[in-house]
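After this come two complexes, each holding chain A, first together with chain B and then together with chain C.
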Partner chain A sequence: MIIKDLNHNSLLKKNSKLDLEALNLGSFPNRKEERWKYTPLRSLKKINFHNQLNFKIEHLSSLGIPKIEGLVIVLENGKFNSSLSNIIDLKEIELLFLNGAEIANNSQEPTQKDYFNNLNASFLTEKVILKIKPNININEPINLVNIISDDNCISNTQFNIDVFENSKLHIRQYFLGSSNSKDGFINHRNQVSLKSKSSLTIDKFQDLNHNFNFCNEFIDQEKESEFIMNTFSASGVILRNNVFCNVYGKNCHSELNGVFAPIEKQHFDNYTIINHFVADCKSFENYKGVIKESGVGVFNGKVIVHQNAQQIEAFQKNNNILLDEESKIYSKPELEIYADDVRCSHGSTTGRFDEEALFYLRSRGISMKKSLELMTLGFINEVIEKSNDSMYKEFLLKRLLKD
Partner chain B sequence: MSYTEKELKEELDNKSYEFGFVTDIESEKAPVGLNEDIIKLISSKKNEPQWLLDYRLEAFRVWLKMTEPNWAHVKYEKPDFQNISYYAAPKKKKELQSLDEVDPELLRTMEKLGISIEEQKKLSGVAVDFVMDSVSVATSFKEKLSELGIIFCSFSEAVHNYPDLVKKYMGTVVPHTDNYYSALNSAVFSDGSFCYIPKGVRCPMELSTYFRINESGTGQFERTLLIADESSYVSYLEGCTAPQRDENQLHAAVVELIALDKAEIKYSTVQNWYPGDSKGKGGVYNFVTKRGICGHRSKISWTQVETGSAVTWKYPSCILKGDYSIGEFYSVAVTNNFQQADTGTKMIHIGKNTKSTIISKGISAGKSQNSYRGLVKIGKGAKNSRNFSQCDSLLMTDQCGAHTFPYIECENPTATVEHEATTSKIGEDQLFYCMQRGISEEKAISLIVNGYAKEVLNKLPMEFAVEAQKLLEISLEGSVG
Partner chain C sequence: MSELLIEIKDLECNIDNQKILQGLNLKINKGEVHAIMGPNGSGKSTLSSVLAGNENYEVTNGSINFLGEEISEMSPEERSWKGMFLAFQYPVEIPGVSNINFLRTALNERNKYYGIDSIPAKDFLKMVAEKSELVGLNNKLKNRSVNEGFSGGEKKRNEIFQMAMLDPKLSILDETDSGLDIDALKIVANGVNKLKSSENATVVITHYQRLLDYIVPDFVHVLHEGKIIKSGDKSLALELEKKGYDWLKTDENI
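Then we have the complex of A and B:
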């Protein structure tokens, strides 16, 4: 992987190319590493990226998403696009945009031995800090949109979301790739901090078309906080979602749900780690995979219950449906438990649709295509239902079922 | 005053390894270290043909290029492979004709183990191939088995008497290039068991081998090859006890099972190597490669009760190659004190309509770490395959760990794969229910644990079920902290 660095970055002079493997970012992940066992990165590795940041999109509607209201922050090709954004002044929210040299001054990067995380830190072009003041309940969702619209463009962006005591926030995050661009790459990082009794729900929607998207999510939870993340992966060459949820306070609720529907050799990988450091917490995971047309799905979830973290209730569920001969699923739900008074379990199933149920629908004059669609709908609905906005639900179903 | 839990705990802490004793028999040892000369020495000691020596040397060269695997969820001091003697045999006397000729010291050892050969011969109808440090010393019931055409002998005998069979099948299921320990085993294996069941024969008795590490500082490298020809059936028992030792002993065995069309193999193991003392000192390293391959409509069933060893690294696997073949894995793994176990299975579905079942019960106590690691792979051509896995873990103290690492790889849409796992401690309501009926806490726990493991223990042959239950009790009772 080579990046042509045309921007501000102090790492290199202008117009020079940067071989990422030569950079000291840690070794480029390969399949011998347990974390990357099921996700080969050959197709990403051979691309020569540039980070020349320019705007190409004129209207958000051209990307096939429904009309978004309220606060909208749009980053296009790694840079804040003010004409697409809708910055309304909300006095409850402190909003801060950092780019260029400001990032360097504000950087407080933890030293992680993760390649893409380091890549993000080294080439970060836009960092948005959102702070929600204490005792505030924001009902209208905030929209964070990340677009890639330029071929071979690499976008390294970051959102810092701090929710203070007793506040509640709902975020809709979109990762979109324009249908006429290819080999673009959004390498994004979300840094979430939840203070006590706060609550955050993130609906993440990924529709990258012929582009790549990796997300590193770091969530720190303090006591009695609630974190819910619903990930909907509709398209992209390789999508990788790393979720690291660290629960530091008692009586927390952590919930990760997802639907991934790769088609046409797409490769969607969900990698989650929930770290229970203290007692009396609950965590739930529910991921549904619908895989067809040579798509590959990966679910690798891990729950770690550390010593002395008693009375933990953790549940992982992963159900997958394979719809044709060439599609594949790799499921690896893991439990690592060092405390005894816990109730932890996981379940994973893989199979196809019930022939009898299909026959039932067919015998009532419903076409094969429609029957399969109905069955798929029934299968993923459990996760889709988490959203109570009917417009958004309809949009999700339309994109995930790909009709 | 009733017998309190604390008292029991103390008693258990102080309880030393029941089967820890050393038999004093003259033995012949190879010099410490590992190189091509040592391998040639082992080979010549055993009068091996050239092809086997070549096989060993080839494996050794492969092994030199390999690195020790470190992906398992265990921590231990890596053994120094140059500080092990790779061959120890009781001094060869003349060929034994009857039991009278067997060293009385050896006979006494067997008695202590509860498998007196005379008793066994007369009463239980079990043929015992007793392995004392690496070399088979006594084999009983041979004549009776040979009437049916069944071959059951030590590996080295088989090399001399049935070289065609050995040559044809050895290394076909676990090739010498398979992994670090199987390569080591292929290079230096000392002895083991060989079994061949001819076409259409149903083996009338349970075949059993007792392995035993006896000489201090000798690693044991057993090799078992079991071939069940078409439409045959065999049930094989393997049990281990080892004497108490301070230094870590290495055990790297290879077991290969071959079930040809319509054959059935039932392989049961009770493993009770020395687990180290209550401070985590000593104990056996058990790095075993066990694998079976199934032909059409054949069945391989692994049942294991793992209570011993300081470190266990063991994944009895089935390659379901033939259509309609069946693989089963039933396991109870108990860890106490500082024991570590990373065990599970691999079910590799290749043929159509293949079925596999995995039932794994882990019990961790003390400060031990117990992991289940299992792979279910459904290949592209494995149409209508079916897998069901259930892995439960029971935690007895707040300092132990129980982990589950299932790998599910499905590449065929017509397959159905189910996996579920739970981790919990003994329910307080269950305990209360028993105690309220006047059952002591101690007994109640034993009852619950036995019930928990019953599903697996039931799969053991009669001869083993009793021993296994006893082992469970020894390893566990009162370890609730």
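Then we have the complex of A and C:
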């Protein structure tokens, strides 16, 4: 494989620049490929990246997130930042940080011929392994924070999350770009393994400002496991979420929800594949797009029900609101079914807010701006309500409504 | 001498280039109840929409003076802050927005306009309890999404509940009796009567005299082809109930 030509985790020399297109990592994606049809990468391609790992952030609060407690792991510009982190000793969790040469020894071959995955593997600078021991129920969410705070910096990071039999974990994952940085890029990979009867919920929040964030998420589910991922995309130049959920065991629950709210030419792309390899599983997808001021949203979700996977229930839904004439949504829900006894449905709607409803609110003395906000809130509430933490919900609403 | 609340002069208005109101005149003083009746398509609902500021209607001529201010170019929200209220014939469902949140936002937006602090949660809830009792609004409905899954009667009660919360100067009830059974009609009418004062006025738009048995008008107007063609006291409503509208139309055309 081409990757072998490169040194793993090669750190670029000072002042040397990384030209994405010139790298020998397979062909750079273009819109002729079905998977990248709706997301042009011109703006990313023209940036000359560096990966010198500097710390610039003094307090997490400067990034506009609420105070987070418990275990906090912070990676800034591709490197573990211990002073921003809060590493508490949890007996139930095995935590391992790999960087430098250690990564090379622990590396996996990329499983896919995917440019950004290969990029991540080749230039990986920090890999965190989290193992949750069997029969453990961790109530407090643990927090994984990925920050970009340096102009033109590329951050290639990985979290490996293994939840063992009968254990339960809740993760809050943050991808943040400092407001005074631009053209930084977090190219991240999550590798999740769920053993039988385990459960994992990830709330993922993306607020990159003038930076980019791509996430490749690989989830493997064994029997009777539960995986829930709620993705909240608030800001960023281009955000791309690739979720590959592979369900290998029976009686699993897989759930992907999301709210994406691009404004001002931001481009948020959700690309999901749920693979049902075996029978008797359920999967749900519910993505809501709120798009305004020339923002662009993409939902491209595919559920594949393989030949022997009978009695699958799979539901896929994407609803979008366009708030003005300039905004765009590309919505492509897909089902590929090779089994004959399944219950699957998918649907997509795109529209504007009901004029009559807006008049109703305004006639009660609610200003146009606030009325739109209330209606937006009503529209996304179904997904926000997935979180049962009122502080976190309030924070999400504030950032997603850009209040 | 009672104080003038609203004066509508020579009001003309279009929707989709079709003339609906064609020179309507109406004066309402504080403390009065006016009923507006008329056949289908005479412009009753248009009048209520225009007064509330629905931007789908274009005012082409005339003026609406509300408490000394010309409001025909004002946004619906600003009219509301000044004291205008429209109880909708078909209240709109707003999924995902709770009734409570909706009303709190409405009150706070008005407070903001007048530079007053937001209403404290405790006072607000007390007010909600008090005002919802007025129309016997089920407690559960307050936390549900605005009008979503409400029965016809519940929607109309919710309108009067909102009216009670906002305490308007001029309330326009657009066919509030439609879709109500007798018991609900009494409750709604009773709520409206309790909100009446010497400082506010009510306009009741209706097809039938029945509602006027419960909300007794000081004046009854007949609207036809976008104009008021006859005004009288409450006995006019009874006469209309007996004779219909046709005698008036022919009268007027002579």
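Methods note: the second predicted complex is superposed on the first by the 380 of 403 C-alpha atoms of A that agree within 3 Å, B and C clash if a C-alpha of one lies under 4 Å from a C-alpha of the other, contacts with A are read in each partner's own complex, and residues count from 1 in each chain.
The definition used in the following text is that a contact is a pair of C-beta atoms (placed from the backbone, for glycine too) under 8 Å apart; a residue touches a chain by one contact, two chains touch by 3 or more.
Because the structure is predicted, anything quoted here is derived from the model rather than measured.
A.B. asks: For the three-chain arrangement built by superposition, which of chain B and chain C touches the greater number of chain A residues?
C.D. replies: Counting residues of chain A touched by each partner, the higher count goes to B.
A.B. asks: Pick one for A:Asp354: touches chain B only (first), chain C only (second), both, or neither.
C.D. replies: The answer is second: A:Asp354 touches chain C but not chain B.
A.B. asks: So, A:Glu58: does it touch chain B (first), chain C (second), both, or neither?
C.D. replies: The answer is neither, since A:Glu58 touches no partner chain.
A.B. asks: Kindly classify A:Lys370 by the partners it touches after superposition: chain B alone (first), chain C alone (second), both, or neither?
C.D. replies: It touches chain C, and chain B stays clear.
A.B. asks: Touching A:Arg362 in the superposition: chain B (first), chain C (second), both, neither?
C.D. replies: The answer is second: A:Arg362 touches chain C but not chain B.
A.B. asks: Answer with first, second, both or neither: which of chain B and chain C does A:Gln307 touch in the superposed model?
C.D. replies: first
A.B. asks: Just to be sure I read the superposition right, which of the two partners does A:Phe379 touch: chain B = first, chain C = second, or both, or neither?
C.D. replies: In the superposition, A:Phe379 touches chain C alone.
A.B. asks: Of the two partner chains, chain B (first) and chain C (second), which one does A:Ala339 touch, if any: first, second, both, or neither?
C.D. replies: The first partner, chain B, only.
A.B. asks: In the superposed arrangement, what residues of chain A touch both chain B and chain C?
C.D. replies: none
A.B. asks: Spell out the residues on chain C that touch chain A in their complex, using ranges where they run on.
C.D. replies: Checking each residue of chain C against chain A gives 52-56, 75-77, 79-81, 84-86, 88, 91-97, 101-103, 105-107, 109-110, 113, 145, 162, 166.
A.B. asks: In the complex of these two chains, what residues of chain B are touching chain A?
C.D. replies: Within the complex, chain B touches chain A at residues 71, 73, 378, 380, 393, 395-425.
A.B. asks: Write out the stretch or stretches of chain A touching chain C in their complex.
C.D. replies: 354-357, 359-368, 370-371, 374-375, 377-382
A.B. asks: Within their complex, state which residues of chain A touch chain B.
C.D. replies: 34, 38, 307-308, 310, 320, 322-325, 327-352
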